[in-house]
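My questions will all concern the structure given below.
The first chain written gets the first letter, and so on, giving A, B, C and D; residue counts start at 1 in each chain.
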Amino acid sequence: MDFTPSPRTLDYRKRLIAFMREHIEPAEANYQKENRRLNPDGNWREWQVPPMVSELKAKAKAAGLWNLFLPDDKLGAGLTTLEYAPLAEVMGHSLLAPEVFNCNAPDTGNMEVLYHFGTKAQQDQWLKPLLKGEIRSVFCMTEPDVASSDATNMQASIVADGDEVVIRGRKWWSTGLGHPDARFAIVMGLTDAGAAKHQRHSMVLVPLDAEGVIIERMLPAFGEYDAPYGHGEVIFDNVRVPKANLIGGLGDGFKIAQGRLGPGRIHHCMRALGAAEKALQLFMQRGQDRVAFGRPLLQLGGNMERVADMRIAIDQARLLTFFAAWKIDQVGAMKALTEISAIKVAAPNVLQKVVDETIQLYGGAGMSHDVPLTALYAMARALRIADGPDAVHRATIAKVELAKYRDHPNVRDPR
Amino acid sequence: MDFTPSPRTLDYRKRLIAFMREHIEPAEANYQKENRRLNPDGNWREWQVPPMVSELKAKAKAAGLWNLFLPDDKLGAGLTTLEYAPLAEVMGHSLLAPEVFNCNAPDTGNMEVLYHFGTKAQQDQWLKPLLKGEIRSVFCMTEPDVASSDATNMQASIVADGDEVVIRGRKWWSTGLGHPDARFAIVMGLTDAGAAKHQRHSMVLVPLDAEGVIIERMLPAFGEYDAPYGHGEVIFDNVRVPKANLIGGLGDGFKIAQGRLGPGRIHHCMRALGAAEKALQLFMQRGQDRVAFGRPLLQLGGNMERVADMRIAIDQARLLTFFAAWKIDQVGAMKALTEISAIKVAAPNVLQKVVDETIQLYGGAGMSHDVPLTALYAMARALRIADGPDAVHRATIAKVELAKYRDHPNVRDPR
Amino acid sequence: MDFTPSPRTLDYRKRLIAFMREHIEPAEANYQKENRRLNPDGNWREWQVPPMVSELKAKAKAAGLWNLFLPDDKLGAGLTTLEYAPLAEVMGHSLLAPEVFNCNAPDTGNMEVLYHFGTKAQQDQWLKPLLKGEIRSVFCMTEPDVASSDATNMQASIVADGDEVVIRGRKWWSTGLGHPDARFAIVMGLTDAGAAKHQRHSMVLVPLDAEGVIIERMLPAFGEYDAPYGHGEVIFDNVRVPKANLIGGLGDGFKIAQGRLGPGRIHHCMRALGAAEKALQLFMQRGQDRVAFGRPLLQLGGNMERVADMRIAIDQARLLTFFAAWKIDQVGAMKALTEISAIKVAAPNVLQKVVDETIQLYGGAGMSHDVPLTALYAMARALRIADGPDAVHRATIAKVELAKYRDHPNVRDPR
Amino acid sequence: MDFTPSPRTLDYRKRLIAFMREHIEPAEANYQKENRRLNPDGNWREWQVPPMVSELKAKAKAAGLWNLFLPDDKLGAGLTTLEYAPLAEVMGHSLLAPEVFNCNAPDTGNMEVLYHFGTKAQQDQWLKPLLKGEIRSVFCMTEPDVASSDATNMQASIVADGDEVVIRGRKWWSTGLGHPDARFAIVMGLTDAGAAKHQRHSMVLVPLDAEGVIIERMLPAFGEYDAPYGHGEVIFDNVRVPKANLIGGLGDGFKIAQGRLGPGRIHHCMRALGAAEKALQLFMQRGQDRVAFGRPLLQLGGNMERVADMRIAIDQARLLTFFAAWKIDQVGAMKALTEISAIKVAAPNVLQKVVDETIQLYGGAGMSHDVPLTALYAMARALRIADGPDAVHRATIAKVELAKYRDHPNVRDPR
């Protein structure tokens, strides 16, 4: 249980912070404005990436702050999950930052999948340009017509037919589907309903220009389309791709998904905690700068108590996330189920609470786009649903606890 | 403490419910779609009202379900605050309904101000067309640069200059300012900073086409522009209107505002509780219809407990709002401070909680526009800030409690 | 929905308050001290009633403040459930008061059972002396070995044998069993496990001196034995009583229990709210009188917000309890299931919360017997378990809600 | 940030767990019964220690599980704060354990004070027998007449008079004062109200048989006297002791108190978390073993969600406490203010919440002495007040946060 940041982490963190202060923070307000100007909500088919993004990405790449998430020390920074965690937190302070450092979902998860499970050909075709930040990708899992919290509900099908596989079904909340640079999706679907529970599903690479890929719309998340990424609803209407597009083999979908989710949840949660720190910073700022009834807001009512409660909550959730990251590195995600599920419940709820309090302190401004609070709120709210809703993670934790109790009803072995 | 619905309330309620089922519910989904098509967020200067609104309004007027909020029995329905409360709740089930029945904020409040404090000329010019639903109006109070929770912070000025008054300042969150039919605003501003605390401010009628009225933008509230109403930011750049546009006299602003707020808060809170009932209904629906892990969602985890807690919370808040309404009718808003502040805290928080739980049950759909949950959430969130944030109302209640304690430290007189 | 206190209620309330100020409040501290001196925890078989209790009871009876709970206007005050509710609240301010006014549980419930369901002979023998306050009684329902929240678990048996019935089993949390004046218990038990669900149980009157009644011990409730009442554990070891001791007939237990529970829960909840008002009063007192860091505690941190939240919570719970009482009077307890269960959850939780905050403000003193806070806490905590734990009441509410939804999936009929 | 348990910790933990399973758990129920029999609440002057305690202590000493808290590797185990923390958690599973291992408050704190600040003579006279477990000691700080949360309120005085110091004042909640082996108290009092804020107070050793030491009573904490320890109220009526009894010099009280509090709070919090684990274990046990409505309680309502939430809360609080312990070891308690205050708020609140849920699951049994839940509850409740109430710790955290914000308003440096 050693969470000491490694020298590499310390070095990257210092450089990340410097980069964010020098390049990202000053650009952020302009970015938001420019982005909303370029990409009004209605017309997602014409969305563009504000030019400053490419410039910032080039700078980040030049500074060596690129692909830090990838555990490979040639293709990425070779950091462990725990080493990367504090860096994800730093990036979480800005909604723009993850892309600038080529560390944003779902590309990170997709790159990890290709890195760990992709063939050489798949890596050459898809992983390389992703690692360069030239293209973007999509992950298609959630479906509109069933409770996707229960993966066995999945209805989209991935079926072999000769040298091809055929994909049929409807997916939504496919993040990044509206992006002009999005080139392919990793699609998960049902291959064999009669197989063992965790061998029923497959994952396949589907180019977005394949025949039968019909993007219907972008979905607003709490009113935000998150241009130029977007959260799309897409139909796969008898889409055919070569069998070589399968990741692993038929029936390997679950196994791959599990591997994808552990570190991905660490990234999400650490970014959420970075976002919570950002919101708390905004709370302090407003609380100090704005005066009512003759005193700064911070000195009114229970606001100082709120500061304390937010600090306690953030610090606890961070340590728990470090612990989950450490366990993933030490014993693997499958033996860190409780911890991964625990942070997946804890971190987004902390963020939601902190943002809600901060919005309240900002009053009307807090609900507008003048401060990034509603975007942070949408991030929290979405994260309580995506990658398994709170309820599913609570159920996992409780099941593990019950199994532990059954095995050792008198156990008193603290960790 | 008699909350028995009067025969008039029972009759109106029955007819309202029938009208909503027959006309509004079936139109609602279309309205939302049509409205978003007609009024994409960016171009508020070209916003239009979907034609079906005029049709629904005409039907409602023909059905005698019109201006029910107004206590005058010729101009309105002559209902007391308590009599109107259950009707406001019914309207709260639909975001479209209040306008259809000509009962939506801020017009209701403005009509009440003109009804109680307006001159004959003011009533002829502004109240009559409002009562007919031909025009719409705006209330300008909140300012961006100060904590508007403390009214003494107000910086906009309303100063007499000969036969005219001059308005200078900046207001925002002026709801309805983007509406194509909006014709005038009631503006509150500082007249005499040296006067007694509650005689410093004035209210004045300002036509929106007056010279110097510069509408800068519409503000998104949790990503929603609420077209075709909008929440505007507006500059009054030395706007001059005749003295006859003053409501009451110089310095009467506070007095008028106080009268406006009591019943208005009842309306807001009852609509919020209607919205909470709507959200609970959606919770039940999703909970019954959607299946995960082999059971309807309602039967999983703590969802049935959530149903109970939501029911308890809504029912308690409704009774408290009835109590506040009853006190306003019996002894006036100034003697119902605790109750009005109490519901202003309780009802929006209940709505926020219920909507949050319902979103969680809907998963991704809950964050989209496919169900009206984010709009209900925005309503709750805004209402915790508008008309005095939670903190201000809590402070009011506590001050009253402290005064009571000081007067009767041993009092044990239950209500 | 008319909660207006009747003239009788107003009159009784005024007189109750006066009596409590004049007689009970001054006696209370002495009572507690004397009671603890007379009745140390260990020796419950020698418990005595402090003499001042009889004196106070005589005064209350003389003042006509006696048996106010009983709806019969000759034997009691003839008040409806709603009329009595505010009086129960007044009594709730003092832990001593209910007995002084002959209105304390479980005697009130037992008297109601005998009043509604007892034979003339049973009434003569048991009801009359109870109404005079000469004896006390016990209600035996909860059992140690099963989850008593599920009444079908009940193991104690009541079986007919010739002209007698035989009672076998173990009960606990039989309140009042340690009282020197306790003379009989109403025992509920299983008669016919094969009968229809609500016709399996019977109720029988058992004199405490019957052979085979073995009182094993008094149970502490959060460390309090509540002498001289006590919460007892008792074995019925083949106890035989005449069939004439049955209340109603064999199999009528459930029906009688249901009738008992409605008004009884109103009494409990109103007393709990009176206790919450008492605790809030103590909060204000400590908050004003004690100074830290240069300011009265009330002015520190979020304490004023706490005052507001407590006021809001108490007022909401009171109105909901009035509503439940009103429904019981209007349509009977069986049609007020939601409301009765709702208050049973809401009121004790409000009390627990208010007392917890008040203890916190008192610091060490709050945990001692110098203020009555731990006793009020124990009252709240016990009440969340007794007469159905929170979980059971939440389940009831949710079931009703689900049935409503199934019947009227679009229902929007507010109450 | 390395929380890895050291080999010594692992070894001690294993042995502690074995000892607890073999010796303490089997003795516990008997101990509680015997203790209550020997020491009925009323007669604290005759309290005795149940003989089994000495036997257990002898065994623990023989097993080398003795004085583990003391950082000296000759007198104690030489463990750091972090190394000892998991051992304190193990002991927290049983209310009896800390004494058995000679690791119970307030003796541990007093031994640390004597170890760090005592003279050779003081150590010989008082520390040695404490380390042997032959005598017990008391710490007198809290006073009944002032808000002791604000140490500057302290009224008891410690004044030099020739070769002696004179102690005057009243203290309460002096834990252990009722113990038959208690021999001395460390008393804190005001020496010079005009000195710099942190140099006004002194600490002095006062033998309990000194003239003028008048123990008035033992205070019940939530109805528990905690015999044979007790929480006493004591008057120091011009008690005179030699100047050699001063710890440090006049005015050193604060400095010594600060040093005492850091590790002490770690011990308290870890024991609280051990207690929370114990309560959670009881929750699982009852939840599995008891059946209602045809299913184990665990499978009803939201109980599995509760398990998850309790697990998340405990694990987060444990990590935060490890973090605080680690910071104390690395940079000292004065630079770990936020973390120490954070755990002081977090851990007892977690315990209180877990115990409250567990009591609810146990129903009536949970409120009795048949399970140790009310004792664990009292522990939690007391701990939220002792050593600084929640409010004071929240204020500390918020002040530090505000200072950080002022120094680095843009700081984004995660820990």
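Basically, a residue touches a chain if its C-beta (ideal position, glycine included) is under 8 Å from a C-beta of that chain, and two chains touch if they have at least 3 such contacts.
The model shown is predicted, which means the values in this text are computed figures rather than measured ones.
Asks: Moving only from a chain to one it touches, give the least number of moves from chain A to chain D.
Replies: Graph distance in the chain contact network comes out at 1.
Asks: Comparing B-C against A-B, which pair counts more contacting C-beta pairs?
Replies: B-C is joined by more C-beta pairs in contact.
Asks: Quick one: report the Å distance separating chain A from chain C, using the average Cα coordinate of each chain.
Replies: 53
Asks: Go ahead and note the Å separation of the Cα centroids belonging to chain A and chain B.
Replies: Computed from C-alpha means, the inter-chain centre distance equals 37 Å.
Asks: I'd like the Å distance between the centres of chain B and chain C, where a centre is the mean of that chain's Cα atoms.
Replies: Roughly 42 Å separates the two chain centres.
Asks: Residues of chain B touching 2+ other chains?
Replies: In chain B, 301, 304-305, 391, 394-395 touch at least two other chains.
Asks: Hey, which residues of chain C end up touching chain A in the complex?
Replies: Touching chain A: residues 301-302, 304-306 of chain C.
Asks: Would you tell me which residues of chain D are touching chain C in their complex?
Replies: 40-42, 142, 144, 146-150, 153, 172-173, 219-224, 290-293, 297, 300-301, 303, 359-360, 363-369, 374, 377-378, 381-382, 384-386, 389-391, 394-395
Asks: Would you pull the chain D residues touching chain A in the complex into a rising list?
Replies: Contact set of chain D toward chain A: 1-5, 13, 17, 20-21, 25, 86, 89-90, 93, 273-274, 277-278, 280-281, 284-285, 288, 298, 304-305, 307-309, 311-312, 315-320, 322-323, 338-339, 341-342, 345-346, 391, 393-399, 401-402, 405-406, 409-415.
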